[in-house]
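Structures given as structure tokens follow.
Paired with chain B in one complex and with chain C in the other, chain A is shared by the two complexes that follow.
Entry: the complex of A and B
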């Protein structure tokens, strides 16, 4: 059952089209990753879902209702924005408490719920620290705690992992997994880096220029992205590099372009563009073993997310 | 449509009824906004600026008769100039400060209606402005009381006038803050217009079209002074001010309800 349904939604800011006839649905109990480069329309979509803004046209329903200024729906949504939106003068506990009191005024067990949420995000030790003195990761965790106190059944997070160190990223991902598994919280999470979400999300939607360009489980998305011509370079002894390269060229459709770049008298680097990266890696290893030509260095030249998405659109 | 059906809201044991819930939610919002004012540099600067005349009085001494000087000074400097200016700064920033610091997002995405946020923010702004007014007029009173005796009632009589003045200016400037891109510029224009009418009122009935004229006219009911707008009883000015405040809040509510917070 989809609990979020966006149909043909469009939103424009002046001349800038944020989303255009955008469609999306999110099933209850899932973790849906929402991936696209900067300016793709992720934040606008999330704002439409959380009722911060209305689409110019099209329809949005969350739990079957229009979420805009809808108190009943907002009681069931927890939102973590990409901005520093906590009061800097308050401590972690005060921040969570003040916002929880607004969500659930004078609710029995509120203080326990606040302590539990702070503990859940691992901030108990820093509960009396002022928000202005927190690191970015700690602020993110405080925001998640503030979003959890009213026990939402849908948690919407806008780029919660950006700017975090690997440890901070992992803590948040573990927390989200736990929330989804143990409390059946449906999660919609955005990022501009696919790798961040492919091990977390059960479903991924790729968005570019305000439109969905692909959606499916992470395996399907990964396969789709492998269709993008990868630029790979490897280095070996000059003779070995040539022997491996000749083997690769013999395989039909594997190599789109090939360039040798001399490193020294003994070493030779080869740069290859391949439309079939998965097959390429298999063949590279096979040839290196078969021809007894050890590879000294192997690199994938990173492409910008923007170019990758342009490719998928095309 | 195959969306998940909405659960029927059931009041749990110990949970408040909807109107009580809304009231307590509002009071928590009010406390949050008042705390923001206390911590804000703007409120502290406004209080210090408002206390400057008191410091000047201590340094220069009070020209006699002190009671008339005190009364005229509070009327012309505080009620006609400083409180409108403080209302300008606090009112225009009432919601735009929350929007700029993104804290509005935390509030708007909670189970609370936008109109509730607006109304409680308005109350908080008026209360903060009135507290600042009480502090600065008290400071002025103390500075004059050092050299001359002035009845305490003369000071306290001005406090309701300060509250009315804050309510009127904050409502107008809050509306400008939501409706316009450069609310401060328009706010300054309105304040200057007020000052101009104050001068013009000396020669003919410009006070009829002046906010501070009506505030002072209505304020006679609380404070010990005389102010006259021909053919306008003080209570009528009170009604006009109430209508202005309500219209401004209603328009602000309509604009804030549809405002894109992206």
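Entry: the complex of A and C
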């Protein structure tokens, strides 16, 4: 039995379906990434797992029990929400202390546990600083510290990396990795960017419109996503662009659509949609070398997460 | 929750799940932790609250000094009642005055009662403090989305009771404790036997606690409806003042004493008087008979208090206990 098991869970807010017959399981000791575009149902699922909300139908079990309003289960979960849910007037230490006191009032070693948690997330230097004066990354680390004071077995984080700079993101990822490796904390983390989680999570679940659309290790998910037709553009001298493009079109199944866009009298840009991006890049380089047609500029046009997920659903 | 190893548990631990080793605290400790934290934070954050508390402390001090001074120097000879009856009436009047916003509950036998001179000020400051402290208790959590943080650790019921308890603790210091002190001071001043009237002290404690509970519930219900503490604070305070003043402004004749029932805060005081066995009270110079069939009937007062209590509970349930909250 996995630590988290959701079976056929559905939840609706008025007319809006948040999750629909949703299934998911999380094994103990793993880091599970939970990826989907905005409005996919990630937060609802996390709220269901942490017992903050109850599904309209289906079943949810965490540590083998229904988590809704279940204090026994809450004692084992550390939850970091997507909001800046800290009192702005409180200091880092006070914020952590508040939750620690609620979770384990009168427990010997409470102050040590608070200091340890603050140290764990590297916030000792800023412990007396007010939350209102913290950066986004520091606030996230404070929230994680508050979630760690009661030594949870399961840490659930709702988009903890969103809005962070690369350094802040890396610090949090390193921290989570360490918690998982050294303290065997099972981690469920959500994001709307796959790249954020593929180097962190051992397993990834893709969710869209409240349903699981893919599940597996990051390699499998990456391969799956690679099947998505990539839109790539390259620019060269007009003649060179045409020579390379004609070579690409000759390869069966490589080019789905092709458009030329004149840049100037001399330059020509070519936009290609390909279902095989890996092969495309190999062939592009080969043709450029063979036909002695240097490429001036090469870009992958970024696609919206929503379109990517629409493709996966289809 | 049992930690005894079961098949599932063993499986889970094999994959890294660590058994919970912390000391589980019982519900009461968690509730007290919520209450204490919220109380301290509410007082610590606001300079105005601290100032009001200091002002209230001096109001109580003045009232206590007055009690002793008046008891010593008033010529009590030739009174239509005994000293013990005077003590009971005076104490009841003083305690009722702590809750009643306007000075209108006065003991009939004397025609006047000097013991609640500063109690009017106390009731005013208490209501203001309750509005300021209680207004933000849930509204602030909703604004900063910290309700979710609480609910991730404790149950909704613990959260609600914790918030309620923080206001109760606050009231315990601000009115319950002074009401007990006044019992001893007045008894000392009038030289009455402490034990003979001990029931009155318990009544004082019970009444102030009940009033604190009802007012706390009302302000919390208002606070749970909004994300702006100012809205909850002002709506509670304005409603209390406007409704209390309604009777003074309009209720000029005996037949219109029903208007008094609009005043919820006053209704709590009337209820307290009824609990003590009073059959009538003098309100702003007019006698209100509880059971004469034409005025403020006892059951009506009780109904008003119960309706507000019920509305408060329903409001809290609606906002805090719905499944999506």
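Here are a few things to note about the model shown:
Everything that follows uses one rule, which is that the second predicted complex is superposed on the first by the 313 of 314 C-alpha atoms of A that agree within 3 Å, B and C clash if a C-alpha of one lies under 4 Å from a C-alpha of the other, contacts with A are read in each partner's own complex, and residues count from 1 in each chain.
Just so it is clear, a residue touches a chain if its C-beta (ideal position, glycine included) is under 8 Å from a C-beta of that chain, and two chains touch if they have at least 3 such contacts.
Since this is a predicted model, take the numbers as computed values, not measurements.
Overlaying the two complexes via chain A brings chain B and chain C into a clash. Looking at the shared chain after the overlay, A:212 reaches neither chain B nor chain C.
Contacts of A:151 after superposition on the shared chain: chain C is touched, whereas chain B is not. In the superposition on chain A, A:81 makes contact with both chain B and chain C. In the superposition on chain A, A:274 makes contact with neither chain B nor chain C. Judged by the touch definition given at the top, the superposed model places A:184 against chain C, while chain B stays out of reach. When the shared chain is aligned, chain B comes close enough to touch A:5, but chain C does not. Touch criterion met: A:28 reaches chain B and chain C at once. Residues 1, 3, 13, 28, 50-54, 63-65, 69, 71-72, 74-75, 77, 79, 81, 83-87, 89-90, 98-99, 101-103, 105-108, 146, 150 of chain A touch chain B in one complex and chain C in the other. Within the complex formed with chain A, the residues of chain C that make contact are 1, 8-9, 11-25, 27, 29-30, 32-34, 36-37, 41, 45, 140, 144-146, 148-156, 158, 323-324.
Interface of chain A with chain C (complex): residues 1, 3, 13, 27-30, 50-54, 63-65, 69, 71-77, 79, 81, 83-90, 98-99, 101-108, 146, 150-151, 153, 183-184, 186. Chain B makes touch with chain A in their complex at residues 1-6, 9, 13-16, 21, 24-25, 27-29, 31-32, 35-36, 39, 101-114, 257-258, 260-262. Those residues of chain A that touch chain B in the shared complex are 1-3, 5, 13, 28, 43-44, 47, 50-54, 61, 63-65, 69, 71-72, 74-75, 77, 79, 81, 83-87, 89-90, 98-99, 101-103, 105-108, 146, 150.
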